[in-house]
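The data blocks that follow each hold one structure.
You will see chain A twice below: alongside chain B first, and alongside chain C after that.
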Partner chain A sequence: MEWIRNFPFFAILLAMVSGPVSSVLPGRHARRVSFLVVITSGLLSVCTLAYVLYTGEAFTYQMGAFPAPFGNEIRAGVLEAMTATFFCLIMLLSLVGGYRFTAVDIAEDRENLFYILINLLLASLLALIYTNDLFTGYVFIEINTIAACGLIMIRGWGRNLLAATKYMIMSLLGSGLLLISIAVLYGITGHLLMEPMHGAIVDIVEKGTYTEPLTVAVGLFCVGIAIKSALFPFHSWLPDAYGYSTCSSSAILSSLVSKGYIFLLIKFFYRVIGTDIIHQIQVDDVLFVFGIAGMIFGSVSAIQQTDVGRMIAFSSVAQIGYIYMGFGLNTEAGMIASIFHILAHSAGKSLLFVSLNGLTGGNWENANYRKLRGAAYRNRIAGVGFAVGSLSMVGIPLLAGFTSKVYFAQAAFGVSSTTKQLVTLVALAVSTILNAMYFIGQTINIYTPLQRTEGRPRVAVGRAMWTATVLFILLNLLLGIGSEPIFRWIEEGLRLFG
Partner chain B sequence: MGAWLIPMTIVTPFAGAMAVAFCKPLRRSLRALHIAVGAFVLATALLALVTSLQEEAETVLFEFLPNVPLYFRADSVAVTFALLTVCMWLSSTVFSFEYLAHGEREDRYNIFSLLALAALMGVCFSGNLVTTYLFYEMMTLATFPLVMHEQTKEAISAGMTYLYYSLAGAFLGLVGIFFLYAYSTPGSRGAGGRLMYRAGGFLSQALTESQSSALLVAVFLMLVGLGSKAGMFPLHGWLPKAHPVAPAPASALLSGNITKMGILFIIRIVYYCVGPRFIGGTWAQYALLTLTVLTIFLGSMLAFREKVMKKRLAYSTVSQTSYILAGIYILTNPTGSFLHIIFHSVIKNLLFLCAGAVIVKTGKTKVAEWKGLGRQMPFTMTAFTIGGLALVGIPPLAGFVSKWHIATTALGSGTPYFSIIVPVILLVSALLTAGYLMGPAADAWFVAKAPEHAEAKEAAEVSEAEVAEVSEVAADVVEATEEKKENAPAPETTATTSKREAGLRILIPLGILAAAAIVFGLFPNPLVEFFEGFYLPSYWPM
Partner chain C sequence: MSRLRKDYEHTKTARFVAFVQGDEPPRDEDRTEEWRRRVEEQAETDRAANASYLELPDTDPQADRRLLRMTGFRRIRRFYYVIAMIMCLMIIGMLILNVAYMPPFGSEDAPANNEVSERYLEKGGEETGVVNTVTGMILQYRAFDTFGETNVLFIGACTVIILLLHREGEEDKRRHHEESVSDNGDASEWTRVTYSPEYDRKGDVILQTIAKLVVPMIFLFGLYILLNGHLSPGGGFSGGAVLGAGLILYNQAFGFRRTERFFDEKIYDIIKVGSLCLYAMIIAYYLFTGANGIPSIVPLGTLGAILSSGLILPINLLVGLEVACTMYAFYALFRKGSF
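Moving on, here comes the complex of A and B:
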């Protein structure tokens, strides 16, 4: 069974190689290649997951069998394999769901470009998940940024170009901070691989030397990731980027791209710095405050939107806030809740974007809430999808959002500080009600029949979109009802991290 | 025995709803479907009652959260509420056949009313906190479309108000659940997991003694939050807004069933989660009692001042529900509350149906327009008078017995101040009730007729009503038997404007409910004995 250890590397390589191959293929074939790559990577990840669950321990894989410090390593544990599987699944469903719109929105001669970017994005996401080397992480962050940028502007409208520019500027600022942080860490530790770096950092903290550079480096890293994953004060690029892209782009960007960065941050906390040291330099408290602020202000901004696409995008800001709040609790339970919320939010948000596109027919001019009135009757499955996604975001039992809220609340009780405990519970309560205000309001809006049956025709439902929506709904239900094994896997994965 | 039947009471209405939603041919035999579903659930609940008298049936579906499975349990409380719920649901449903116009909207109403039944059964039979919470949320989601049924601007805004109050209240409840989970005895206890209901509460003794103040605040907020469904001040705002715009059967469902589920959840928390020992004698108990007393008084006053009949009844529900809550929060013996739950459901359903019957036949919504109605609709008005007298608490009728028990328990409880205040406020409120219900009844019987200008308007409405009736009859060709019965009153209305009773499908539920109000009042003892058997005296706070 040793050969399974090659699978994570194969998945990354496959996704990377398929990019150049797609560039010479016509759009139709590029699409097939891309689907095939996503499916294959997913299957490889499933095998890896089964393997690590079977062996019960994580493994590192040295590329070209060169040992550190010369070679490059990737590492696969339960958490990595699970996240990779899940990301592949979401990506596949998003591609299938938005497949019809992709063909309409993107000029024919650029279609293969879209699929190249998808492959590249997949490669970078997998690399971010599996990497055991901080600098490799940085390289793939940049690749991820470029791919995401391309996905935002591939539609080629003025708004998309504007959004892509905004995204590029903010993202590069974030990458710059990350690079500085990694350079400082390399300077004080002399390592780039995660394990030796962790050892060196523990030494540094014990001896009390270089504590200021360390604090600065950790701070820069967190701010860099925060900018790239749209934590509250750095979210200005997000609504345009998510709201106006083509269907698959929106779904993938909102559910996966920011989560890849966040996953790297989790690795950084657990495998590079160590949660005790994080607590010692009080980064967790800062993240907690910004997370809470994001939960509230993201929702407040979402309420003010008249464009439903932007509304859903702003709700992402709130949901990202949840994740950072879980980091801020800095307990194992908090981290488990955050990771579960990464999954729950991905499943819910991509469902919402696919359904919204189904309701508007892919045209963002129709995404104004007035024009969406009664839209659920024009495209029933999209209406159901939107309702399920909304209810999940609000946190209605049986759906994914409720389960993650329960985990967050239970995590809050495990925190020693009473202030944090109360703030978390109050923030959860306020944010739930704010979420209900816009999501339920919008669901009722799309189910409010028009007085006259004039005007807008039924939106045709492609078979692909129907299937994707149904699978998304099932995924949300699965995360809501059968969270037990996933919970155990995350627990196991975090144990392997430490 | 019969444990598997419990989930069936949820699945069957749900399947019925799906059948109506997705299977067009079934829609023709919609009414038969409703009756079949209702009858099945009723039969199952009865069977569960029989079973629960011997041993408590329980069933675990699957592990929902770590340590918290979806878990159903048919104990006596559950079965009582389930039976009550099905009966009330059936009566409001039969009424809705007559009340609602045919068409797309009726289908939608039926789908959601079936879904509501499924959720209601879930709340009744759930055996741990999270299961209850789950179905409680489902119930909110299934019932707000009923409030919005008319789709006017007011209806939609009322539906949203209802939704927000419910969600906000339920979320306060959820926060409380988190606290209770943290303070519960660790480790799994039986099939229901950590949050399984146990008479007397499941809190861990050591934890509650060390840090009880935070938990007390959480429990207090939880009970206030869940009070929103039961219409308790300060979260009662949705009730008077939702009732006037909702169609009459939905109003009856809201005040007969939904408010009762709020009460059931509160009973579960007070007696089965935290235990009366924990909150007995604390500031939380007094604060809650103060809120209920305030609500009783405010509700009655507002009802007294209200001009629109259905709104008046809605305010009356606010005050009557708080009678029940006062009986619960006295914490010594909730028998009176249980009696009032049953009796108030019966009576309030009856009153709403009367108001609905008047609206269907004459379009009169205001109390002042009821003058002289007794001649036109003698049967309906008789039923209304019986209901009104029962709610005031005149001895041979149902309301008297329950109020008697609540008042005597309060007097004997030894709770400072409130042992006096509660009986006094019950009396004051009874006077107000007499004012707001007996006034219109007296007007209907003894004032000769309505003012002149209203007469002309009525005439126009009568012709409209006839047209509607004719078309309805035409639509009912399939149901030949019912048609015969309906044809009988129809010519009568065309001949004279003096008599125009509603159709039999309204009159029969009215008759049954009125009879129930009398029978329960005359022979309450079997019920009293049944409810007294619920609680062991060993866990009363002393």
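Moving on, here comes the complex of A and C:
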């Protein structure tokens, strides 16, 4: 076996070991370790991506001395390696961008705790991406949930504790449903690894035995993931969790944590159940309806907010709605659009949170839209970042959000049902207008010059934040202009999934 | 025409209705008054906070509308409770119905009785060197999952430390709001409950005497479970739980000061980090050699001997230490707020 096939395993193990090691290091060393781990994992993922693109096929990696149906396994294809690379990049930029605020928001002797959470979060994200085993997925969902909970409350204000409590309750409900679903699936298939499970499920559907438990299990799995990734009716935990955390936490939570779960759902659809069976039991229609509802109501809630942090958080609900709508189309084009939107939304949302913190100085009391008036003149790079992020979310050409919306629209034309086609297009149009209402409005607001500026916060831009914002802007432009290779990689990755 | 019973308040129906409506809802007019007062207070604080930046109109035209929305919410809440309950009942019903369609428990032709469980049961001893198949499954066949599970414990302990560390003075800061707003609240203090002698109650004699007798036995039993994990029911998780329970009992009887003579934060850190890192190294070795087809140099030994089963024995020991530490850490953290 070629040496390079060990790289995904090395990345996961490195991130996991760095957690306990960081817990005895002083804060600044823990920080260095964490940055090093994120960069190394990113490089390992880049190598894996290059390797799978070169060989043109996915490979499985046996975890331990026992082969597939008996032992654990991870699997790396184009889609996995690409997502892992992208997640490491976003995480690194979010850490760099929020670097100044992390130092202020977190007590010095507890700084290492923050970096433990980051390391284990990275490990869990990588494991969720690479896993080829449903139960391994569940174990790392647990790590992911607890780490996210820590990231929400590490700022230490009462409001953060409240948000973390809400998050924990909702998220545990989701975990519970997932666990029941996996247990039911094990009961009717006798496997936990994805390929043998898929074989057993195809058998079940052909024979017609156990179709009811199968439907229940798929339903519970989708609901569990939907709760954890804040699909529309389950989003009540989201605004507080995203809006009031420290800068890096907000950026990472909004752009990565929910996406890790969604990636597992994609694997579940393609590698465990199979898209035909998903269509047969009509789960896609349900997800479609909730996705559309999320697109509209998330934006409506965002318009009502006076606090810009919460506004951005609510817009996440709308964007998650887009992703689920793409799942609901249940065509390859729809899935590609959704996966591209995962990337576009991650890049845009983390940019928005980093630049919002730049505008407010990391203090949520300044996040009221009245206090933000003219803020772009006081911190120019954050202003530009906010504007680019907003325009990307709205879907202005040249930026990431536009490309994903075009893909969604194209995917809609490929759907056989005319109703779905029409609903998708109308929802896309309405949602874009709603997005524009609040995002363009805020951009104009922060660029409205003020007569009197005394007493307004003047935030010094650190070099770290400047770099991170510029790189984020470039990433958004790159996804907007050079989407063609990424599109091809996603296509290739899905082909390897099937 | 039906008539209201005199003791209606005490009937089950009335109690159920009261439960659905939330515990003792106050009269509408009282609540309205309260909301009005609160809205005014909020407007006042908003004005005070924003005075230096912008001129808010003297009366808030939104106040009445906000008030309306809040009383409306109270009416919705009743529906909310009823609907929530109906939804829960439906989900419970659905799950119970689902069980009826599942393969019967223990049936011979259930899908779970396939080649996977067959191999675990029949070849488990030969391949992993264990008598207790469960241990072989979790520590050899599915070793990666168990490593993840141990990390869940570790990160749980970290999160509890974060939870118990909180800032004071948010309310003060909001009210006074004197310092520059770009200030990130450096003025506030990080607080945590610190050690105070009152946590060391004078333990009572009965507890101390019994603890003196029982604790050594509990420790011995815990170690026995750890070391025999591959031979008899037990293993890292259960043995660790017994050890942790022993520590907690000792602490209850003799207090923190005496416990810290042999188990303080430093020792805790060393054991926790040491055992996790060693575990990680062992697991890395096992997964790496297994995946790359390199034969493992660790002999499996004779089946049934205490020193057998290769890597399982040290892993059980390390998992046990980690579990014991985490259990005691949860107890100590919630009891006195720090280690």
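In the analysis below, the second predicted complex is superposed on the first by the 495 of 498 C-alpha atoms of A that agree within 3 Å, B and C clash if a C-alpha of one lies under 4 Å from a C-alpha of the other, contacts with A are read in each partner's own complex, and residues count from 1 in each chain.
Just so it is clear, a contact is a pair of C-beta atoms (placed from the backbone, for glycine too) under 8 Å apart; a residue touches a chain by one contact, two chains touch by 3 or more.
Keep in mind that this is a model prediction, so the values were computed, not measured.
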| item | value |
| --- | --- |
| Partners on chain A (chain B, chain C) - clash or fit | fit |
| Contacts of A:Ser483 with chain B and chain C, given as first, second, both or neither | first |
| Partner chain in contact with A:Arg110 - chain B first, chain C second, else both or neither | second |
| Which of chain B and chain C A:Leu398 touches, first, second, both or neither | first |
| Chain B versus chain C as contact partner of A:Phe140, first or second or both or neither | second |
| Touched partner set for A:Gln410, first chain B, second chain C, both or neither | first |
| Partner chain in contact with A:Tyr54 - chain B first, chain C second, else both or neither | neither |
| Chain B, chain C and vertex chain A (Cα centres) - angle in steps of 10° | 150 |
| Residue contacts on chain A - larger count, chain B or chain C | C |
| Chain B versus chain C as contact partner of A:Ile444, first or second or both or neither | first |
| Where chain B and chain C come nearest after superposition, their Cα distance in Å | 15 |
| Touching both chain B and chain C, residues of chain A | none |
| Residue ranges of chain A in contact with chain B within the complex | 391, 394, 396-398, 403, 405-406, 409-410, 412-413, 425, 428-429, 432-433, 436-437, 440-441, 444, 448-449, 481-484, 487 |
| Contact footprint of chain A on chain B as seen in their complex | 62-66, 130, 133-134, 137-138, 141, 148, 151, 156, 159-160, 163-164, 167-168, 171-172, 174-175, 178-179, 181-182 |
| Residues on chain C engaged by chain A in the complex (per definition of touch) | 49-50, 52-54, 94-95, 97-98, 101-103, 110-117, 119-120, 127, 140-145, 147-149, 151-152, 154-156, 158-159, 161-163, 165-167, 170, 174, 180-186, 190, 269, 272-273, 276-277, 280, 284, 286-293, 296 |
| Chain C partner contacts - residues on chain A that touch it in the complex | 1, 6, 9, 13, 16-17, 19-21, 23-24, 61-66, 69-72, 101, 104-105, 107, 110, 113, 116-117, 120, 123, 127, 133, 135-136, 139-140, 142-143, 146-147, 149-150, 153-154, 156-159, 161, 164, 180, 184, 186-191, 200, 210, 212-213, 216, 361-363, 365-366, 370-371, 455-459 |
